[in-house]
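Two complexes are shown next, each including chain A; its partner changes from chain B in the first to chain C in the second.
After this line comes the complex of A and B, so read on.
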């Protein structure tokens, strides 16, 4: 099974399709689970602790806003671990937890720059586009090694 | 999905089926007699517990209508103070807008998965071309001279 990084990092559709076609999705949800269940300093209701922007320094420079570094502390290790990536652009829903445009740009850049197989798509809004979306993802996932 | 150190996992089961209702999925989980926690929601169920048990139950639920029931992991367990609306004074929980937006696309994805299973060939999509600047200029000029 190949570890496939997904963008948007918490996508239900991508996470489901990757598991459906026999690979492992690398998604934000797993990172959040590890974060909240690992014993350590926690600052509820915030998820990000003052330590996180320091971990994010591996991915973004010190003058980059702490918000970007804090997010990269969660996203960065996923990209490090990734053996392939599926990036779905043009998501009008990239706000809320996913809403930092600079983090999103850096995330996509790092995934593309890593030299792993990357599939880039846009979200479907019609039956024909949906079919193309699913078929392209299945072809891409079939081309990845299963072992 | 990768195994977690604490051995537990929470999964969101989202139902976009014409034949299966969230209550059917919840009943399937109750009937399985496996010791896990489930929460019925407007879009499906949330299942939490030991990883093996959750995966087994989710597999059973998905088998009810495999192309129209979708699953993803959830970071927080159901009822966590940081996410649960009960302690936050109502309003959508963080992350729900994205989920709702993707739920809107699930009928399209479900139909595509049905076609994929039936080996329906992919047709070429003709997308409208972008408007040329010269045509846009003509439109603006014709509007200005009116």
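After this line comes the complex of A and C, so read on.
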């Protein structure tokens, strides 16, 4: 079983595909769930406090906007943990979205820079492209170690 | 605001990019709650995100910025009915700054809904946001007192500022007493300024029919003196400025250079429209001029006269940060610059920053009224006029703007 980081980080489709092939998806949903169920923190809607952008300093310097560092406080640990990654570029918003282009750039860079197997794809906009898209992901996931 | 008005809740649209990720959402909610406002996310059709860039005319890379534009459109078109709009994005994000400014302009141009914009860091606190939120909700409520143009009865105003505390006593539309003391202990300084003003006016405190308080210490002194009106300085200073300058009708721009922050307010018929409030660094504030005077060994009251005689371009000065500003000042003196040139450069540096950081965010319409203690330093209005190439009005008693504005607005409670 391989821990696979996904981009867009909140893509339910990618997350589901990875689980179907017997791997562990590393997705934003898990991070947000952990945040909002943390007892003792009351900072809705995401329970992100001013401490989080400070944790984000591990991934981005202080001159990087607080919103980017706050997002990186969630995404960065996933990349740290990742053993493989799937990156889908130019995806429709409904496929998954992080909201901030600067965070997207940094996230994709850190995943590529880690030296792990990375599958990069362009989001499909036709049936034929869609089939090819799933086929490539399936091949990639099959190539990853299960143990 | 008065006690009864506290219960009138207003809906403020939060048009933001990432405030929930920056850890400041609870601060925004807290500031809104204190002024009895409810922050809402304007509802829009998610499919509009696919077309908003071409409709708005601004193409961006970040999806949250598309969301900001789509929400602004929903507000303007009335599909998301709100009383005010708070547009906010991360400090230091160029893409968001472009969208934030254009969204603010778009709402202002296409609706009469009051709007304010602000860029945040993770250190932004509810206290920083409170004055802005209070001013926004005051304008949204269109309180009857904002329309007041004439002071009636015997009223008083106290402006508890960061550097000085001012008091004004007014009777039948005339200023009859004033007090101006340094702010040390907030309540004691207010007491002292109020006593001086009462004595000069020749009236007793118990005869004052209504009292208004404003400035940083407004809540504390408002409670202590049992004021009828406790109001932030954006609203109060706008009223005070157009009243003292006798420009109550039509457009005007008010610039208030305070001890710790500056306000630039676009006013129409005495009611503030767009406004900005700078407060991240004191480099562009009266405090910098105060420190300049001390370093030059002159009284603050003499700094302006000195500056008018000087040539600012003989000295390179950057007071973006008060520490670096003082460093430039010390360096220039060490290199033999004349005191008058340094004084002129300090005044120019302050107004240049106001121009760069604040006047870009509001529409500057004449007359331009400069108020606050710094307006009395002659070099400051001169530098501002030279920079903007327009005539700068400094009304009589311009340092008392907040106290006079508070006394004027408080007279709305005399008749009640």
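Methods note: the second predicted complex is superposed on the first by the 138 of 147 C-alpha atoms of A that agree within 3 Å, B and C clash if a C-alpha of one lies under 4 Å from a C-alpha of the other, contacts with A are read in each partner's own complex, and residues count from 1 in each chain.
The rule is short, and it goes like this: a residue touches a chain if its C-beta (ideal position, glycine included) is under 8 Å from a C-beta of that chain, and two chains touch if they have at least 3 such contacts.
In this text the structure is predicted, and so the values were computed from the model without any measurement.
Visitor: For A:146, select first, second, both or neither according to whether it touches chain B, chain C, the two together, or no partner.
Guide: Touch partners of A:146: none, neither chain B nor chain C.
Visitor: Which holds for A:101: it touches chain B only (first), chain C only (second), both, or neither?
Guide: So A:101 only meets chain C here.
Visitor: Specify the partner with more touching residues on chain A, choosing between chain B and chain C.
Guide: Of chain B and chain C, the partner in contact with more residues of chain A is B.
Visitor: Report for A:58: first if it touches chain B alone, second if chain C alone, otherwise both or neither.
Guide: Neither: A:58 stays clear of chain B and chain C.
Visitor: If you stack the two complexes on chain A, which partner ends up touching A:71: first (chain B), second (chain C), both, or neither?
Guide: second
Visitor: Looking at chain A, which of its residues have contacts with both chain B and chain C?
Guide: The answer is residues 44-45, 93, 97-98 of chain A.
Visitor: Given the complex with chain A, which residues does chain B contribute to the contact?
Guide: Those in contact with chain A are residues 1-2, 4-6, 8-10, 12, 14, 70-76, 80-82, 94-95, 97-99, 101-103, 105-106, 108-109, 111-113, 115-116, 120, 122-123, 125.
Visitor: Which residues of chain A touch chain B in their complex?
Guide: Chain A residues touching chain B: 3, 8, 10-13, 15-17, 19-20, 24-38, 44-45, 47, 92-93, 95-98, 123-135, 138.
Visitor: Sort out for me which residues of chain C touch chain A in the complex.
Guide: These residues of chain C touch chain A: 17-26, 29, 46, 49-50, 60-64, 67, 89-93, 95-96, 120-123.
Visitor: State the interface residues of chain A toward chain C in the complex, per the touch definition above.
Guide: Going by the criterion above, the answer is residues 42-46, 48-54, 63-71, 93-94, 97-102.
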